[in-house]
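Chains here go by letter, A, B, C, D, E, F, G, H, I, J, K and L, matching the order in which they are written, and residues are numbered from 1 within each.
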Amino acid sequence: MLHGPNLNLLGSREPEHYGHQTLEEIDEAIRSEAARLKAEAECRQSNHEGQLIDWIQGAGRDFQGLLINLGAFTHTSVALRDALAASKLPAVEVHLSNIHAREEFRRESLTAQVVWGLISGLGARGYTLGLTALIERLRNDGKETR
Amino acid sequence: MLHGPNLNLLGSREPEHYGHQTLEEIDEAIRSEAARLKAEAECRQSNHEGQLIDWIQGAGRDFQGLLINLGAFTHTSVALRDALAASKLPAVEVHLSNIHAREEFRRESLTAQVVWGLISGLGARGYTLGLTALIERLRNDGKETR
Amino acid sequence: MLHGPNLNLLGSREPEHYGHQTLEEIDEAIRSEAARLKAEAECRQSNHEGQLIDWIQGAGRDFQGLLINLGAFTHTSVALRDALAASKLPAVEVHLSNIHAREEFRRESLTAQVVWGLISGLGARGYTLGLTALIERLRNDGKETR
Amino acid sequence: MLHGPNLNLLGSREPEHYGHQTLEEIDEAIRSEAARLKAEAECRQSNHEGQLIDWIQGAGRDFQGLLINLGAFTHTSVALRDALAASKLPAVEVHLSNIHAREEFRRESLTAQVVWGLISGLGARGYTLGLTALIERLRNDGKETR
Amino acid sequence: MLHGPNLNLLGSREPEHYGHQTLEEIDEAIRSEAARLKAEAECRQSNHEGQLIDWIQGAGRDFQGLLINLGAFTHTSVALRDALAASKLPAVEVHLSNIHAREEFRRESLTAQVVWGLISGLGARGYTLGLTALIERLRNDGKETR
Amino acid sequence: MLHGPNLNLLGSREPEHYGHQTLEEIDEAIRSEAARLKAEAECRQSNHEGQLIDWIQGAGRDFQGLLINLGAFTHTSVALRDALAASKLPAVEVHLSNIHAREEFRRESLTAQVVWGLISGLGARGYTLGLTALIERLRNDGKETR
Amino acid sequence: MLHGPNLNLLGSREPEHYGHQTLEEIDEAIRSEAARLKAEAECRQSNHEGQLIDWIQGAGRDFQGLLINLGAFTHTSVALRDALAASKLPAVEVHLSNIHAREEFRRESLTAQVVWGLISGLGARGYTLGLTALIERLRNDGKETR
Amino acid sequence: MLHGPNLNLLGSREPEHYGHQTLEEIDEAIRSEAARLKAEAECRQSNHEGQLIDWIQGAGRDFQGLLINLGAFTHTSVALRDALAASKLPAVEVHLSNIHAREEFRRESLTAQVVWGLISGLGARGYTLGLTALIERLRNDGKETR
Amino acid sequence: MLHGPNLNLLGSREPEHYGHQTLEEIDEAIRSEAARLKAEAECRQSNHEGQLIDWIQGAGRDFQGLLINLGAFTHTSVALRDALAASKLPAVEVHLSNIHAREEFRRESLTAQVVWGLISGLGARGYTLGLTALIERLRNDGKETR
Amino acid sequence: MLHGPNLNLLGSREPEHYGHQTLEEIDEAIRSEAARLKAEAECRQSNHEGQLIDWIQGAGRDFQGLLINLGAFTHTSVALRDALAASKLPAVEVHLSNIHAREEFRRESLTAQVVWGLISGLGARGYTLGLTALIERLRNDGKETR
Amino acid sequence: MLHGPNLNLLGSREPEHYGHQTLEEIDEAIRSEAARLKAEAECRQSNHEGQLIDWIQGAGRDFQGLLINLGAFTHTSVALRDALAASKLPAVEVHLSNIHAREEFRRESLTAQVVWGLISGLGARGYTLGLTALIERLRNDGKETR
Amino acid sequence: MLHGPNLNLLGSREPEHYGHQTLEEIDEAIRSEAARLKAEAECRQSNHEGQLIDWIQGAGRDFQGLLINLGAFTHTSVALRDALAASKLPAVEVHLSNIHAREEFRRESLTAQVVWGLISGLGARGYTLGLTALIERLRNDGKETR
């Protein structure tokens, strides 16, 4: 799980859009859900675009899928889009708020075009639902290729 | 669950975008998942915009939430958008394929601005995940207002 | 009088935009005003674009003028525009709320270009004022052509 | 009643758009209708944007509502829009011709976004209908706040 | 042969654009031409978008090709476009008037992108020429796949 | 029949768009069809815009109608459009491929606005169908004016 | 001759665009040229849009043609455009500098669409050439209508 | 100091955007600040674009710098922009509210391109800060050129 | 004098836009006017863009100024614009009809940005007026540089 | 005080836009001015967007207000905009040059919409004026909330 | 090597953009470089679009690669683009000046989308570098296919 | 030589666009070519925009020219553009694939406007050709200024 810029502020920043849960609580929920599904999840956050690119590039070694919320970089970063497209891993993009119901410049997602799927507006529950879909797909792909 | 135009063709129409499951199989999966969560789901499909508006208007009497995939009307119907906005029920919009990765005119969703959340691109699994989110929210809302 | 999609919800839907009168009350007011002016009015509503086209096509047989509020179809339907343009009857378009003061996509009216006049934002009173203008014009036209 | 630029030419200027009545005849009709409704109307015309702003600013002292046709300034004057928005009086905007059926640059009304309602395309009859709506609203508001 | 909205008015509606032939006369001409080419044609018209979608979906059972004039839906209906794209049948789109020489919003055809070919502006003769092309292609395809 | 730039390459250039017939074969088919209809056709090709303008200007002396495929000039040449508009002859524009289903810049046809009709996407058959329509119209016009 | 805003500054304002002649010198040249052609010219300047509209409205009484340079109002004033269109007099619009070679917003002329002709970029000589054309046309029109 | 249209209403008009100070209080503050800096300031307001142009043209005689808030004309007047550009005086443009955080059409400033600097959104304090910058610059320029 | 495409048709082509004079008559008028001003003019016409470029490139050897009406190439040819910009000769662009009052795509002139001045809409008289301005300027330039 | 990318080059980079003062001299002036107003200022610069976000997020602990010049990130960074919006501190945005008078892409400021005020084009003096406004506001806010 | 319109003027036309070398010198340099690489180059120039199309169509017979600078046609000619796309030869497009740093309309290259590579802004050296790349690629392709 | 984001993945990422060479092989080729030309090259790569800005700012101390491929930052980073513009060193921008033949958002290069030249689409050979041009220019400049 990769969190983009300003998501470390969750819980205190504009709770009418982003809810009252902190990033730690969300990460904990993700790890529990992974455990329940007999998988493992690692959660990281950065305000640095370059750092996120480095992590996506390196993910292929240690992980089998990506759960991402790249925050404001979603709308502006061609470099992250390229990193995701270059990655061999399936990715699910999650947004806490419904980005389609907000400002014009938040409606376009550059990364949405290169991920497998997108969940927006279901609050923190979106993360664990995205994780479920990702794990199920990885297991199905596994079966098919076996 | 309301399905919009051409979704009755699922299984045979462009399977690279929409998968191999038929509408009957998807509806069956939705009803089972609802049953597993101790809820009930009813599934309907129509190619007629007016029929879908009538159903959304009437949903308040018999249902507590809406799961919708309005197909091509998603991108063109202000009337369905108005019907959803007028409805008191929370709604989750689901798309089988990732609409952000397709033709320009399929990237705008008029209805996305008035629903609670949106899932796109996770295949048929998106329906049951959307249903889960919807039922959990309805139960949480119930607790809060009790 | 032809009412478009979702106008059957009047009274309960977003009263800050559309007022507290129900469609029945508005229709009753239209019929009374017509009676006061020694004319007759018939009121119909549909959520189906095709039904509204059928009614406009058939109006030439039984009516002398059209009072219309096509709701959301105002902004999207070229087919209704064509039906109005093909009709020989003068038409007045009425909107309860001031469409120019709302969302961008509600500011364009495709049908406004083919009607005789337009009243927007005077609430339910707009209907009876539109009716007055229509009846007066029909009587003037009658005088001129006699 | 405030008339904007070139409306003093009514009766001789492009009668296919603006009809054969002169401004004096229209003003007389407005004053009679006001008298019939036991109210009083004053009519002024200017080709000077600044003069019209001065009148709108000063209207709060002597009047209870505004009936306006700002002519070409409708489409270009942010200053008149601001003056109307700053005014406490309800306003009805009237256009003799149907502005939606004319040149592109005449379809946008900057002032329409800050008035209570708009009548366009019913010819000179639009003025007296607008006056009726305005007086009725002012009497209703009076009742409500009494 | 599927005719879209308002085409049932042919003969009386704006004859300078659409000619003096009625829909019955055109349908008769299509059926004769089909007979002359030892084929069979069936002609239907509807003002309802949903009805036209139903017919296109069902055409695969009874027909081998589609001749369509979807009227105003040509410019606005993504749902009809999807139905045509999902259909296995080759289609020819016909317009009585030259749509490129008319209003801006009539120049874009959403459906043109998914049909085999398009004829516009040759009057009623376009239908029978389109039919000829369609039948010849079907016979050629037949030969190739035999 | 006037062929525009690069059409002399037919048969070898992108056969998935333009088919396998050479220009000579197409011209031969046009001449035969003309003969079958007891008319005469002359076919010319040029890569030079000025040459095509000269031919259109001169066509009035020797011909009664124009069948044109101006290739890439269709999308860019105002001068050819003016030459066609100045010509007294009715013209039919033909495109081998469906120009609406290709690149954005190939969808606009400057000349389509000044011709009588347009056929696009029926392959080489479009030429002979266009010729048929043209000859029939010329004979009908002849009857009418006799 | 009507000069618009800031043209009273001629001679000192940006001489690389507008030359070194003062407004008085230009007006003197216009009056001499008129005298040479046995006609009479009157020259006025104002920074007030309303004043210019008043003058154009009143010009019909005392003048037979209009020579105008409305300065910056050329690009923004629909009201002046309407006044010119309503005027019965032929008008020639003159610009000292070549407006097509300057900033984007100076390239559109709202008034150019309603005048008889336009001269731009020939410096102060444009005024007397425009006057010549205007007087000759008025004399020709006179001959024709006699 | 030149104030544009509707700024005479300050204190009563939309105080959430423009604050509670009246124009008289602001003018007084400007004059005091000027006195404190051993300079002199004169303050004028007009709703007439032409009047403001006259003042800017005449300012060169009596003043050494311009402090301006042209209100709504900021966004629409090319004539005021030209007057400022033609003036030899340095100018500072001030806006009480942050124009970048408001309606789309209030974000463009035509005059901002020809002034020395711009202050927006610091409330009435912006005027005296702008005055300070202007006086300091005039004194520095003076030193440099001495 | 260089005439662009289709101008050889003058006199017969759309006389409501281009007048009744033939190209020969216009050329004769240009040569007479030149003679009257003790200068010499040569007139050429071509429908070939390349030919016109060749002539402009070669004009520097034999001529001192250019009078041009490039017809439809005015709106589309960057190559002619470059040829004019590379030429050392001053040029005046003339249009018989007022290009600002016609179709959208005829309002932009690519060449207008590189010529000295432009005359549009004064009919055939524009040529001789343009010639006068050109000759006077060349004589003034001559004086200045002597 | 936060300086964005390339501002460490001040003094040597394009002095016609940015003046001759180095960043050290500007920072020194800011600290002096703060001292004069009995406040304290800290100045930092970074070319890294992520670093600037970290600083804005952390500013709430140690500072009461923000003075920012985010350089090129002003026009492109939604992430910095979000960080500023999430911050509880009032901010003043300063630009050395007048950004409205430069390239198109430098005219839009994403951050301007979430700061309290903006100063552009007054050179290095803009920093100390912005600081003054910020400190005064903080003291006024302090008084109000005490 | 094909040179487009106005490139025969090299050396005298705007040397700040295009350098001081004449076309003959550039062609000589290309031929020498070819000789050095044991290949042969032929250089041609034309101001006629049709001539350039003819040459590209014919190049397949005598050449193995194309080095092109189509000048102004780069930005406007769909016909040249089609000719290049139809050609089997690899092409390198060269521009003397950096087209991205010039006027808006010179930034789009229609042909760039169908060539192998593009060099812009390295002056006359770009031609010989492009030639080098082309020859190396042709030799590599040769090795691969042997 | 500066490589931007994701270029460290060369050889494995989308080889149909970027070829099979790894970044190490390319860097080795650059260093050899530099050695062959008796110069020295240093190669660096980063996914961090800030890091690249730091390097460009510092390059003036140790280098005489820049060879850059900023990857995705080419299309989005105004800050890198500013850093290049502020740098005194001539730069050549290289792209492995032809950016004009790819997605719309990859066609605009913000940095191309401030570099000396651009090579796109010649594969890895573009780097060494760019290096050659750069070194030659530096030697020529050296000669000129000696």
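By definition in this document, a contact is a pair of C-beta atoms (placed from the backbone, for glycine too) under 8 Å apart; a residue touches a chain by one contact, two chains touch by 3 or more.
None of these values were measured; they are calculated from a predicted model.
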Recurring contact interface, reference D-G, options G-H, A-B or C-D [over half identical by residue number]: G-H
Interchain centroid distance [CA atoms averaged], chain G/chain I, Å: 23
Whole-Å gap between the CA centroids of chain F and chain H: 63
Residue list for chain D, restricted to those that touch at least two other chains: 48-51, 76
Pairwise chain contacts, counting only pairs that touch as defined: A-B, A-J, A-L, B-C, B-E, C-D, C-E, D-G, D-H, E-F, F-I, F-K, G-H, G-I, H-J, I-K, J-L, K-L
List of chain L residues in touch with chain K within their complex: 92, 98, 100-101, 109, 112-123, 125-126, 129, 132-133, 136-137
Chain F-facing residues of chain K, complex: 48-51, 53-54, 57, 76-79, 81-83, 85-86, 110
Chain J contact footprint on chain A (complex, rising order): 4-6, 8-9, 12-14, 46-51, 71-73, 75-76, 105-106
